[in-house]
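The structure that follows is given in the form of structure tokens.
Going in written order, the chains are labelled A, B, C, D and E, and every chain counts its residues from 1.
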């Protein structure tokens, strides 16, 4: 199989990989003098786990920010579901089914775990302010209905016992998990994960891997993932993009990337 | 336990500087009566203060807190007066606002419970106009008078009257408001004065505004003898800070300091020398301190009138109302009180709650105030119709409003 | 049409016709601007070192001035009183650090802001209790500050410059220069800026919050004293002075909360523009009194284009 | 080697401390550590085990998080230090690199580094020299020295925080999760730096780490924390060989490293305590 | 062990989401409501009504409004008083233009005006943040008070510039103006405050509340998970100014009876901010506790020396009072920066685990 071959296929462990859902076309991103991303193109296919790796400061997070609309590329365009995506506010992009987690945890510290995850549902909630104010009819039903979805996510991520804890008090690793839960609660088409396993020990990484795989498997969610743990990246992802100094230096299956000399020089080092 | 005459004082806040000597004067007079005569008509006066800081909200607190057994309320701010005014009708308690408050309160048939003797703001404005025109308002025609005032109910109070006069006598009135936050930085106002070159500047200032205006006037080189103020703009403290530079500035006053009056000797003997006063030695001769004495003296006179009429010592609020409405402060009576020349004689009646005693022009001579005019009187003919009209309007807006029949 | 003419033509005609008056307006604006800047400087310094929006700066001005006058009234020579007052301001700084700031390290901005309002109330109450509410005269001549004025007659008109105002402008220039050198050229200056970014991290590298804060609040006290002397000389010393603190707020916003330059440029700009606006537009067209809000609206408009003010640090937004 | 000296040559000693946040949340339930001079000691443990809290308790930074040490004591060079303020501790040579970088956003990278030298009094030249040293350790920082730290990438910020701590010429460094968010070769690099600073300058390190693999590779001695208690400790190489540690912290089972893909086929829960 | 939550299980999400999942809380609230609705009105004197009960309620409501904006949506506002002013002046105009209008309707309607003004001044909030945003609200504060002062139409050309409340009847009972009985006014205020409080609680615990809180806690993240920030902030401004406007109208019409433009100046804004912060940002009940502390306590302190026959110069009492309020603010911020509401929660948590220390 090669990267340019876009026919749908089934992976060894039986997951369906479809056509391209999102494509970056010649993305360049500048901040004043700093060029964070230089003319990068790659695609993400339906149902796959796509990893983005590269040394620190390579521009990975910036790329994720471009995808989720927080940064507008200086040049180039993002294509989504076969269409060039017009200039949009980040919240509109989120409503199109793109959910994400953040490198430096961005939870709503003043709320409980449950409420944080409930915010993930808000793109699906429709009751008017008036009915919410009266807590009557639709608002109340809706609240209960979405609570059910959220509880499923909570069960799935095994965080039942911290449901009502203010997230500010949670340890780092659990915060990451809550953040994932919030993104999952949105039932996204594409899930963007920025270093979901940073600051975790092996056991926790295993848990997190399991969640990612299950999400991808059970809901067919497409996942783009930034991670520095090569073990995780190589084991989980279907394809890997490698960035260095804002440029793309490699793209392919884990094996292809692992053996790419540029990648070894710039990032992996001899150890791997 | 005596005659409860609470005072809603302000010894704090941005207007404390001008408030304190007045409050001290009021307080000392009552203390003196208690010490010298055992009170009024043998009944001691229970003079208490409730601090408002010139805030209307706290004013209401104080009013509510003190009204219980009080026979009078002294709100001490035009804002508080406006707020309390309609309530006194219901609570049946006389409101005493000597020389402040709402000028139409003069119309006692509408404002049954309110008294603002010996003169209202409209009286003050009228006297100032009389003084600068040499008692012939037609000479003002074509002249320009700037009205520099605090942007607050107090400062705006004389506006209707002045506007009326301007129209009638053909002078140009230029109102210049000074916001509460600009009291100390009036350079914009004085630049305007410099630009407009008015023939006179009339000031309705209070607290820190007075000093600010006088300082700016000096800086702008505005001729001091064309600069006049209301009776609250003649504070010794402000003028002393200015010294020589303030020479020529005039302030209308319904009271005149008489350091040698008998009452002053009594104050010293019964209060000050005993260390019961909150005032300082030099303060005793100040215009404001002595005006404080006059204010309490008027109240005491009202009480006494009521006591004599009803034959009771411990009078009630409504009895005091009658007393305040029937004051007849003659020269003889003033002499008896040892206050000759401190206030002009006047009398009140059912329809006249102001008394319209008139006053004097005080002029700063560089180190102290001097009486610089004969006794002045307001132009009652011009004022009365305005009072009646404004009072009627007020009654209508606040219907149902009781109107007394004064005939 | 008529209105447009009043708006766009008449003011300028007037400016040109009476240039001496215009110059007087500009000078008055400049002088108030300098005083606004001084108060704003006190704010900026504290904000930089602690992200505390110190509302108490205004009352510190009053407090410093009252203390000075108070000492003098006790018969202490003017310059000795100044030194004593500085001592009191140092004591105040130490107390505030010990009692208020230390227990509140690391709390959200708004909490600290509130705490400074608490300090303000405490100082108002305490100050009136000690000094009484009467207006006091600033001991201008005892301090050797010249009074009187110089007159010019440009274009056949009249321009009056008060000696006092000239002195205050000069003193402000000296003070600001000193401050700029202190902040930019010294180790302490860097520590002050670091503290503003992250208390915890600053602690972890050994910057002593206590020392820095006491120092900074003391400097703010010195600035307050200077402001108090000059402003008090204009209008007397009383608690009514406190409201000038509000004037510093738009200055800060306009200039940027953490910039010394901003405080100065903002102060001067607001001083000049609000005076011009009031005299040439506000009084003829709007009934006057526009100075209460003009500065705020001006700052608001500028912020719409530069959300961090003219010279403020760019707000870093990253995820 | 070092482990034999451990008891009699402890530089930093933590005796049975208990930490409570917000007056109600008990986090450390009696933690004791002993950090030998000149060694690298690792503090291992899962999320929320209390590693960060332990480090903050040592450097007295708990206060501003509304936490307090309610029991036990911390002594450095034989003297109790709980009452010292953080600055005084830095002067004594204990500096902490906080979890989550905490760079001064609005200062440039170089200014950040210079703040590290705040407590030093040995003159500009020495500081310049150390600055160069930091730049040789982290060349990436040199490239970005003039940009505001807030705009540098996560890894760059981590380097900056490390470099800043080194600038104080510390005797003891408390390192909280230095590897978090770093690219693999950088992780190695940072630990290499730790090692060479340790060996070269004799600096003592106490590091809290999730990346057990690397941590045990470089540390001399390790403590494993769970749920606010020390559940195991020992020399690093012994810990490395412990089967439980292998399974739960190193991710290797008897049949070698297992793939992260396989984890979902089974669920495990085993704890020494809890 | 009376505060024991053990054994109180919920069997449905709806129940879990109900207002008082813990039984003891519901009982406590019941007691508070009983006091407010029955015990106080039966025992209070006119003084207590006029200077404590009614102001506390009005201030609580204003603080609640501010809390929606600052505590829930995270937008610092220093212009609360001006929005109260808009409410009060709007109500005055409504009442004088349509004398037939029911006063309750007028009060509730006047909130709509302040809401609109609030939204206008809220517009910059999308670009301007934190303390810088405070400038927008300060601009509102100073500009609006100036406008009240200059636009004489607002006060029906009253020479003093003040608005004065006429006697107003409702169903034959005088409810506003000098002739109204304090009890009647108290009940009216209480009813409106209770109603608005309930609606606000509902709003803030549901989806809208989460949107606001997300905006407050981290607006960038909020936008990235799909929140329309502009809409979120503007709804917060709208709801907040509505409540504040109603509070202003209530305060002036049913309690004060008259107000001059300067009443709505910045000290009032600060007072309300104190209440919201001391009570607890992001809490509904905190506003009431804060108001008791900031509004009622000073009144008590002020009249206490007199009541117990202590002769102290009233000016001194006032100075001490100001100092006390300042010190109290600092004190409460130090013991619990998140306010009385959080303090209460902590006590509750301690009670739950009582008698064990943790």
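The rule is short, and it goes like this: a contact is a pair of C-beta atoms (placed from the backbone, for glycine too) under 8 Å apart; a residue touches a chain by one contact, two chains touch by 3 or more.
Everything numeric in this text was worked out from a predicted model, so none of it was measured.
In terms of the stated touch criterion, the partners common to subunit B and subunit C are E, listed by label. Counting hops only between chains that touch, subunit B reaches subunit D in a minimum of 2. Distance from the centre of subunit A peaks at B, each centre being the average of the chain's Cα atoms.
Across the assembly, the mean Cα position most removed from that of subunit D is the one of B.
Across the two candidate interfaces, D-E and A-E, the one carrying more C-beta contacts is A-E. Centre-to-centre separation of subunit A and subunit D, using mean CA positions: 29 Å. One finds 45 Å separating the Cα centroids of subunit C and subunit D.
Chain centres here are Cα means. That of subunit A falls 75 Å from that of subunit B. Separating the CA-averaged centres of subunit B and subunit E is a span of 38 Å.
Subunit A has residues 61, 70, 102-104, 106 in contact with two or more other chains. Contact with two or more other chains is made by residues 146, 149, 220-221, 224, 315, 318-319, 322 of subunit E.
Contacts with at least two other chains are made by residues 128, 133, 246, 287, 289, 292, 318-319 of subunit C. Interface residues of subunit E, counted against subunit A in their complex, comprise 12-14, 16-17, 199-200, 202-203, 206-208, 210-211, 213-214, 216-218, 220-229, 235, 239, 282.
The touching residues of subunit A, when paired with subunit E in their complex, are 68-70, 89-91, 94-95, 99-100, 102, 106-111, 115, 118-120, 122-123, 125, 127, 129, 132-135, 139-140, 142-144, 147-148, 151, 182-183, 186. Residues of subunit E that touch subunit C in their complex: 70, 76, 124, 127-132, 134-136, 138-139, 141-143, 145-146, 149-150, 220-221, 224, 266, 270, 273-274, 277, 281, 315-316, 318-330, 333-334, 337. Contact residues of subunit D toward subunit C in the complex are 59, 61, 63-65, 85-87, 89-91, 95-98, 102-107, 111-112, 114-116, 118-119, 148, 150-151, 161, 164-165, 168. Those residues of subunit A that touch subunit D in the shared complex are 13, 31, 34, 54-58, 61, 103-104, 169-174, 195, 198-207, 209-210, 213-214, 228-232, 235-236, 267-269, 271-272.
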